[in-house]
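When the chains are written out, they are named A, B and C in that same order, and each has its own residue count from 1.
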Amino acid sequence: MAVLATRVTSRSTLAVLERALTLYRRLWRTSVLSSFVLPVMFLVSIGVGVGGHVGQVGGTDYLSWIVPGVLASTAFQMAVGECTYPVLGDFKWVRAYHAMRATPVEPGDMVCGWLLYILIRVEISVAVFLVITASFGTLHSPLALLTPLVCALVALAVAAPTMAFAASVDQDSYFALLFRFVLIPSTLFGGVFFPVDRLPALIRPLAWLSPLWHGAELNRAATLGTAPPWPVAAHAGYLLVFAGAGIAWAFHAFRKRLQD
Amino acid sequence: MVTTMIAARVASDRLSPARIGAVMGRNVGALRSGPAYWLVLVSGFFEPLLYLLSIGVGVGALVGDLPVGGRTLPYATFVAPAMLAVSAMSGALSETTYNFFFKMKYMKTFDAILATPVRPFEIALGELGWAMVRGSVYTGAFVIVMIALGLATPLWALAAFPATMLVGLAFGSLGMAISTLMRGWQDFDLLASGQFALFLFSGTFSPVADYPLPVRVLVEATPLYQSVELVRGLAIGDPGWSLLAHAAYLVAMVAAGLLFAARRLERVLCV
Amino acid sequence: MSEQPLIRARGLVKRFGDFTAVDGIDIDVAPGEAFGFLGPNGAGKSSTMRMIGCVSLPTAGELRILGMDPAREGAAIRGRLGVCPQLDNLDPDLNVRENLTTYARYFGISRPEARRRARELLEFVQLADRAGSKVEPLSGGMKRRLTIARAMVNDPDIVLLDEPTTGLDPQARHLLWERLFQLKRRGTTLVLTTHYMDEAEQLCDRLVVMDGGRIVAQGSPRSLIAAHSTPEVVELRFGDERPAGLAGKLAGIGERVDPLPDRVLVYAADGDAATAEVHRRGLTPSSVLVRRSTLEDVFLHLTGRTLVD
């Protein structure tokens, strides 16, 4: 663990977060489409459009069934998206991390500051999405109020390793691969649109590996008031472990990229 | 034929196939630049396929059969031709928007090419030609997958292939026209969102008959709807006169897109 | 308290794999001094600066900055340094003022204080009228001045400037020098690298000449010239004749004769006397230039190479 040791101070971490928020205040308009409009369009096309031809799934209507999944996948996609190009860009083109490196800010502060920013972004999206889906009448339990917490866990679990990945590559074309071979398959087969137990038995364990599946199931249990397939502690524990390992990797990757 | 007609109007001197070929050849040369670019190129094929498997097959199992225009189709058979059309669209658009803009604005590739006898319209045709090569590889592979999964009969699937080339030409021309208007990367977010909206609502995942009338009219005016209808009509073996109308729409789109792109290129690059 | 050097290095080494960038150097920088590293690209100047800036740890040797050890107290040291890197890394999506205030926050400076300092520093680098402007449209010189203002935002004890005027046009360079001279007058300790002699002569009280990771000479610009060159230099050009062939005919004139590919340099206490001697020997150079000796001559003498090629 000595290699991974990096100091994190709240003062420096908050300064990094502040920069991110200052940038967001300037650029938020361009993110409205991808953060709010696209997930809702997705929901309308698949949930309402295709859902109109689907009967009951797991004892509820199809739209109610996919809402919690789409909610988790919104957090998932936003976390991955905000940790790829922006992070590589701050190393390679903007060199913002090099600028920070010349100050008392440590690599650990850079990682934690950006993760806090991701959490804030995700929670804003989740809140808007919840209000919209509530108006569709798809939330069936007061436990739905716990979904922002689940989404925060999902976001942390994927944002941290994605940041580490972005800090380790030198070309943005790797992101296209990440999107196509990890992000899109996870979204499409991770229990968002149809139950994972309909997947061929051989592929099913792959879906269990994805943080998105755990998040989708926890969210679903919360909005429908049902029990998730695994114990809640197992789903949440998996996400926590995933996040912890990701953060350790990100610390290491940032230090490595900024040394010498 | 259409392209030569436009060419006659736009280009003052004669177009040279050799020069157009040279512009295409530059792209082939770029393929040697590294494994990452190759992987990205190849992986572009998987996206529509994954949607087909997830929504078409996965959700399709929940849907069962779908009544479409008096016939009843398994849901996956309904979605597959739409994904084929999407694959043609995204193959053509990724070359003619993102890559084209990058070459135009940042790599100054075209400025370098224009220092030679190559003319802007030849660049447009060369880039479009390359986009068609890339798009056709995607759609060709997709057609084989459809046949293998039993989502189309071999004969009708083959009949749909030329239609996907027309779709590629239409979106490729449109993409280039749009690229010449782009101000910066932030515009690509808008483009990607627009493309995603088309992808979700062009009768791809559910029949447009489900939509309220005004929405339906709006959707029917969009290029992806026209493409999906053309490709689906052939792929499910249900040809009709209406397919000619869809094809005409796409041909007009090729002509208008190319004409506009060449004019703008002349203005942007030759000043 | 001026007895203790702000920067002290003994046998400082930096290796990257098999490559030795810095090969055992000793440095002492006193408070209020303007200290320069002069040398060609690849001499080890930037690697030394990065070690002083506590972003790269020494491979061997001793380094103390402000009396502290970079390996253990890097963050504390960086808190008291101002760094102007070779590559501008301003935030293009923030405006000019925000670039300063955001950076100030990294040092834990309160928001009102950050705003106050930003206002003052923008005044100092003559960018007050561009406070709300984006960074991208600024000229290279303006960007560099903004970077220097940013390096001042924590009121540092030492300001590190890596190639501060590389890539700037002459006018922008002079404006920048003038601002750095003001900083010097305020008593700020400056440490800079450069491969421009004129810059080193203008700004540095003391400098070290580096080549191949080692220090080959040190002292004030004037003492270096006195020690390694003559007061004057005569530059002779001969139309078609190759300079190398002429060295023999010029032997004995001045203190030293140095044939370069395109000209011959004659080092002499009295340039006019040396020129007269050249003509007396029946040689007819196509052009003759008598000038004062510069650091370029010192470098040429020490390494046998020119600084900028």
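In this text, a contact is a pair of C-beta atoms (placed from the backbone, for glycine too) under 8 Å apart; a residue touches a chain by one contact, two chains touch by 3 or more.
If you're wondering where the values come from, they're calculated on a predicted model, not measured in any experiment.
Asks: Which chain has the mean of its C-alpha atoms lying nearest to the mean of all protein C-alpha atoms shown?
Replies: Smallest centre-to-centre distance to the global C-alpha mean: chain A.
Asks: With chain centres defined as mean CA positions, report which chain is farthest from chain A.
Replies: C
Asks: In whole angstrom, how far does the Cα centroid of chain A sit from the Cα centroid of chain C?
Replies: Inter-chain centre distance comes to 47 Å.
Asks: Averaging only over C-alpha atoms, locate the centres of chain B and chain C and give their separation in whole Å.
Replies: Between these chains, centre-to-centre, one finds 56 Å.
Asks: Take the average of all CA coordinates in chain A, do the same for chain B, and state the distance between these two points in whole angstrom.
Replies: Result: the chain centres lie 31 Å from each other.
Asks: Touching two or more other chains, which residues of chain B qualify?
Replies: none
Asks: Show which residues of chain A lie in contact with chain C when the two form their complex.
Replies: Those in contact with chain C are residues 7, 11-12, 15-16, 18-19, 22-23, 26-27, 94-96, 98-106, 258-260.
Asks: Tell me, which parts of chain C touch chain A in their complex?
Replies: Within the complex, chain C contacts chain A at residues 16, 50, 53, 55-57, 75-76, 78-79, 81, 83, 85, 87, 89-94, 98, 102-103, 105-108, 154.
Asks: Could you please specify the touching residues of chain B with respect to chain A in the complex?
Replies: 36-37, 39-40, 43-44, 46-47, 50-51, 53-55, 58-59, 61-64, 66, 75, 186, 189-190, 193, 196-197, 200-201, 205-206, 210
Asks: Where on chain A does chain B make contact in their complex?
Replies: By the definition above, chain A touches chain B via 30, 33-34, 37-38, 41-42, 44-46, 49-50, 52-55, 57, 62, 171, 173-174, 176-177, 180-181, 184-185, 188-189, 193-194, 198-199.
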